[in-house]
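Following are the structures in question.
Look at the two complexes coming up: chain A is in both, with chain B in one and chain C in the other.
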Partner chain A sequence: MTESLMNLWHPIASAEDLPYRHIFQGQLLGRELAVWRADDDFVNVWENRCLHRGTRLSIGRSDGLELRCQYHGWRYANRSAGCTYIPAHPADAPARTICNRTFPSVERYGLIWSGEEPTGEPPEIAALENAETLLLRNIAVNAPLNLVLGHLANYRFSITGDPDNLATTSMDYQDGCSLSLTATCDGKKSTVVFFVQPVDSNRSVIRGVLSNSPEGAERLLTLRHHSAELSRLRDIVELEALDGPSLEPMVATIEQVPIALPEITTPSGRKAALRVQVLRKWATAEGVVGLELESIGEPLPTHQPGAHIDVHLPNGLVRQYSLTNAPGEGSLYRLGVKLEADSRGGSACLHETVKEGDVLAISEPRNNFPLRRDAVKTILIAGGIGVTPLLSMAQTLRNNKLDYELHYFAQTDGHLAFPEVLHELGEAVVLHLGLSPDETSQALTALLAGPQPAMHIYVCGPGPMLEATRRIASEADWPDEAIHFEYFKNTIEVDSSSSFEVSLARSALTLEVPSGKTILEVLRDNGIALMSSCEQGACGTCEVTVIEGEPEHQDVYLNDSEKLAGQRIMTCVSRAKSPRLVLDI
Partner chain B sequence: MGVVRELSLLGQAVSYLSTSPDIYRAWRTDPATPVGTASEPSSVTEGLPILDRYGYLWTSLGVPNGDLFDIPEYDEPDRRNIHAATIGVHCSAPRAIENFLDMGHFPYVHTGVLGIEPHTEVVDYDVQIDADSNELWATQCLFFQPMAAATSTAGEMVGYTYRVPHPYCSLLYKTSPLDESRMDVIGLFVRSVGPDRIEAHMILSLIDDSNTDSFIRRFQQSIFAQDKPILENQNPKLLPLDPRAETPIRSDRSAIAYRRWLSDLGVTYGVIPED
Partner chain C sequence: MIKIYDYILSVNCYKQRLMMSILDVPFESIPIDFYPGWEHKSEEFKKINPLGHIPVIDDDGFMLRDAHAILIYLASKYDPTGLWYPTNNPELIGETAQWMLFAEGTTNTASAARLHVNLGYEFDIEACRAGAHRLFRVLEEHLWFREQENLGWVCSGEQPTIADIAIFPDVILSEEGGVARIDYPALRRWTDRVKRIPGFVPMPGIFPVGDARPISHEGEANA
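Moving on, here comes the complex of A and B:
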């Protein structure tokens, strides 16, 4: 019985339970749910617990785009339920595997439908289609589903709402969790469909929908009448349930923390796990096209402000582009692509060849330019097309009501990308148009006049501008950790002096781990699938036994004596002090 | 003579009585000495071990391994030792201890008092198990606090040391706002009523000669009242010891070590896996 209920759609809330910014606590088949409507009207149905410490998300807050857990402020994005921010570590991008358990949702007949693993679509009831339906007050009953349905089959009601004038009722249909009754009186008909939500083994909610809402005063009378009759029915059912066998509560299994699947690498070492369709392509500025990409399969994974994706182009090239939209804003990625004068075929392909409706292969978003949300004030400095990651940051800071400025250096206002977004950001945007290199330096010098505590600067733009910013910031005594740069090219500088070698005893393979790459990444690049989860050295999932060599531990999982013993290593963060490590893989 | 009272300890019914001056007895509830009746301490023949320490009575259902942990500060003559609160919470004992060890929740749960946005960063700190005492210590903990104690007047980076000498008891040491060379001590002693029900006792040992007891208690109780709804909204209520059951991050070092330490001690009450 329970098995088949798992595969059905059930109502879990009424649409009216979900005003914007509210998080509704629901329950289905023993599992608690956090249900909330985002600003784009998407209804999120999530397991009601934060992945961190199991805190109910229904006591958290929604800002319309993200849900914030009340315990430690972890933020989860609309639609994907991926974690976008962990306040205890403002400088770090959360691991992509930190994603809440979600359930599908459909809004129909004024009800929110969901299920554990529902197949097909929620029920379509002819009587409720194209009609002025009226949702009755839902009635929670401490009784099992079957008992409630049995009593509902004998439900009698009045068409006019007059309790002394009960009509003759006939049943239209009944299935495992719903039934429909039509009452006839004086030539008039009224149909009510009852959906019974199995909350737990001994708890149900009756959700009734009338096919035709009466007009005027009769409407209120009808609602009151059903409310009274169903309340009476509840009392009878609950008394009967007390005499029935006592049922064990259902146990909803809580999944273990998801483990990152080993990445399947292409010969180039790059992975394009996602397929997207170009939803919209338009000229957003002089020489810049905007592209909106929509998933053609599973919903797109969560991205964080500052993140980029690899785009695999039809001509075989792979290019990185920053995402310009804020997390939680619809299930799409928005890119801005500038036609490079010296394009070797990347930007030219996107400008000239790729059209709306085309399918592209892209990687999951990665974030090497994470945004701290713990600054008292944030200054974003964009040069030309470098504005793209900063737009995502600016929208996030605005959504979080944090203080920020976006300084946008461009040739003319015709070169300003995404003017509609700039317009929305309003006074936080400061434009610097048509400046010479000297004038740009002067403007940067004024901006970076003196370091302020708890203030952070994010810069993205052409190489010379980044170099100038770096120099000016250093002269003005800004601490390195307060200035964040995004380089478009060569983000990983291999430092051979701090690299080391890993030998894999069981695989008879020796690999070089360069600086800037983790052991885990090198193993994956070479097709060795190692489980990992937090990728921060906290959970212990990616542990490997060390046979020889001295590890340089950087995790928090092993305790001091284990670290001293040097027999185990967390491959996601730890490295080697000795030139070589022999691992038991 | 004293009146026989009863409570639940680790799910077991325990009776106890006290007579002045300072004579205590505790035993597994026995119909021969019914709860609510007056009884002589001498009538208790098969008693449980009992201690009067730090303002509380302590007992054990088994044979305690050595003496109760020491709090040297408690005996310093110029300190004020205050029982601040006893609060029932519908959670497991280790969830309460883990919350006590946690700094990351300050800006969100104790907003404006122990933390405030945007100062949310938990900088790395040290955790070790003391080899001699087998106590868990978290040291070098620092957090920005707008009002760290009842005596605070402005925000500051506050240094903390946490100590877990007992699976269900923890102590927190922080620099006294009135004397920077000394530490205030706050203790959380938890009685497991059942696997997911506790009674939490808070004790203070402070350098503070100006505030009244009731002012200090009200401060501590308001802090605990902010933690209570969080603790009662964690699912599952028992603390999972499997590191993959929840998602630890770097700032959870003390919690990660605490869970491993409980595993190593063989604690099975209030945790998953349950005994």
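Moving on, here comes the complex of A and C:
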């Protein structure tokens, strides 16, 4: 019995149980559920349990696109239930494996349907199709499913809501956890369909839907009549259940979260684990196209503000693009791609060749530009197309009601990407249009005058602007850890002439890195496939911990103090000053 | 300034703090070592309240005890709108009195169960829990039908009354006494609405809630 119940769709809530920003507490077959409707109307059905300390998420808080646990503030994204932020580690991106368990949801007949492992679709009830239905008040009963169904089969009710005028009732069908009764009185008919939700071995919820919806005062009368009759039925069933055998509560299996271990795979270079379809492609600004990518098959993994993906292009090139949408916003990734004048075929391919409906291979999102959400104020500084990751951040900060400004440096109005998003962000956006390099420096100097404690700056834009920001921030005495940069590409001329030795502490292997080859390439040649993305020292994906030796940094990802500390190295461009490096691989 | 003989974890003291915060009445809290000190049962405190319980308020020399009586006093004296204790509306004031008596019931069942579990009182715990569920079932049905009439509060007015303030703390802390609210969805939605009343303050065990739906200014209902 239980096994087949696991494969059925069950109503777990009514649509009216999910008002704005409310988190409904439900239960099905012993498993507690947190059910909430996001601002995009998506109904989330999740395990009612924070992955951190097991606290019920139904006492959490929804900000519309993310749900925040009440205990330590872990945040989970709409739709995917992936963790987007852990307040105790504000500077880090949560591992992708931290994802709560989700269950499917379908709305039908004013009810929310879900299940453990349901097959097919929720039942279609002929009497309720294309009918003006009326949802009865649901009645929770402390009794097992079958006992409730048995009593419901003999349920009598009045068509008019007058309790002294009960009608003759006949059963239309009984099937699984549902049955339908039609009452006839004075030539009038009314059908009620009952769905009984198996909450636990000894608890059920009766959810009734009437196939007709009386108007005016009769509506309330009808609702009151059924509420009273069903409450009476409940009292009888509960008394009977007390005499029945005592049943052990059902035990729902709780899945363990896989521990995030570094990926060691066959050396095949950069991986494209996901297939997406171009849902929409449009010109969002002068020389910039917007692309919306939708998953083929499985829903897309959760992304965090600041994250990027590798796009594997039809012409064989691999390019990195930041995601511009906020986590929880739709089951899609939105990119902004600028046509580069000196394009080596990447942006030109996306602009000219790729069209709506095309299928692309992309990597899972990675976040090497994570956003802290504990700053008293956050300043986002965008230069041109560098606005893309900052748009995701701005929308997240806005949704979380955190104080921020987005300073957008661009040539003209026409060069502003995603104007509709900028419009939504409203007064938090400050435009700086048509400034010369000197004027830009002046504006940045004004912006960065006087560092404030617990204020954080995120900058993304062309190399010269980032260099200017770095210099100005350093002159204004901003601490390195308060300024976060994202480069499009490496601005440093990489010198690969040195040769040295790398010892891999965990692999007990020593390898020779000859001039002209990178550490990453040597590792790959020897069967160790590190994750990588841009492979030019800008994105931070191929970072490795240095145990011993002095790195020769040639990347733009690490800041000056991190480079000086010498504890991390970007294996795609950086090398060694010392004859030997010991790496934590 | 009003002084309140107060204990942070007391449901009945919280009712007064919540009401005064909503009415924006400044007050001074005089902490009583309720648990484990049992200061409210001391000879010294019995001079203030011979019944040996809190809260007691001292409003410029006027002393008053009993949580629900104090709510009536505070709303009568400090609510210029007259909405919280609607004395000019006979039906509404009757309903308010009716649900204030209901709140005595939730205090003696749901909150008694919590006192038993958390604060060392000896009660028949199973009787307390069963009694709380009986009352919650009544309140669940009542609030569900209120929603059907597009009303959100315990009494039939469009504004909350002291009856909401009297019942809310017993309900929202019920899980601490082992009285689950999973079977009372309308009750859970009502607790969200109470938490959104301007001036709402939490206490340990009561958490803030997500925002109310913003009011649309474009003429169209933001449905």
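Quick note on the criterion: the second predicted complex is superposed on the first by the 479 of 585 C-alpha atoms of A that agree within 3 Å, B and C clash if a C-alpha of one lies under 4 Å from a C-alpha of the other, contacts with A are read in each partner's own complex, and residues count from 1 in each chain.
The rule we apply is simple: contacts are C-beta pairs under 8 Å (C-beta built on N, C-alpha and C of every residue); 3 or more make two chains touch, one makes a residue touch a chain.
Keep in mind the model is a prediction, meaning the values are calculated, not measured.
Chain A has more of its residues touched by B than by the other of chain B and chain C. Applying the stated contact rule after C-alpha superposition, one finds that A:F24 touches chain C and leaves chain B untouched.
Contacts of A:G54 after superposition: chain B is touched, whereas chain C is not reached. With both structures placed on the common chain, the touch criterion links A:H351 to neither chain B nor chain C. By the document's definition of touching, both partners, chain B and chain C, reach A:Q70. When the two complexes are overlaid on their common chain A, residue A:H226 makes contact with neither chain B nor chain C.
In the superposition on chain A, contact is made by A:A88 with chain B only, not with chain C. Contact with chain B, but none with chain C, is seen for A:L402 once the two complexes are overlaid on the shared chain.
According to the touch criterion, the shared surface of chain A, contacted by chain B in one complex and chain C in the other, consists of residues 32, 59, 70.
On the side of chain C, the complex with chain A involves touching residues 141, 144-145, 147-149, 181-185, 188-189, 192, 207-213. Against chain C, in their complex, chain A makes its touches with residues 13, 16-17, 19-27, 32, 59, 61-64, 70, 137-138, 140, 203, 205, 220, 223-224, 227, 231. Of all residues in chain B, those touching chain A in their complex are 98, 104-105, 107-109, 117-122, 127-129, 229-230, 233-236, 242-253, 256-257, 260.
Looking at the complex, you find that chain A touches chain B at residues 32, 48-49, 51-56, 59, 69-73, 86-91, 98, 254, 256-257, 259, 373-376, 402, 454, 533-534, 536-541, 556-557, 559-560.
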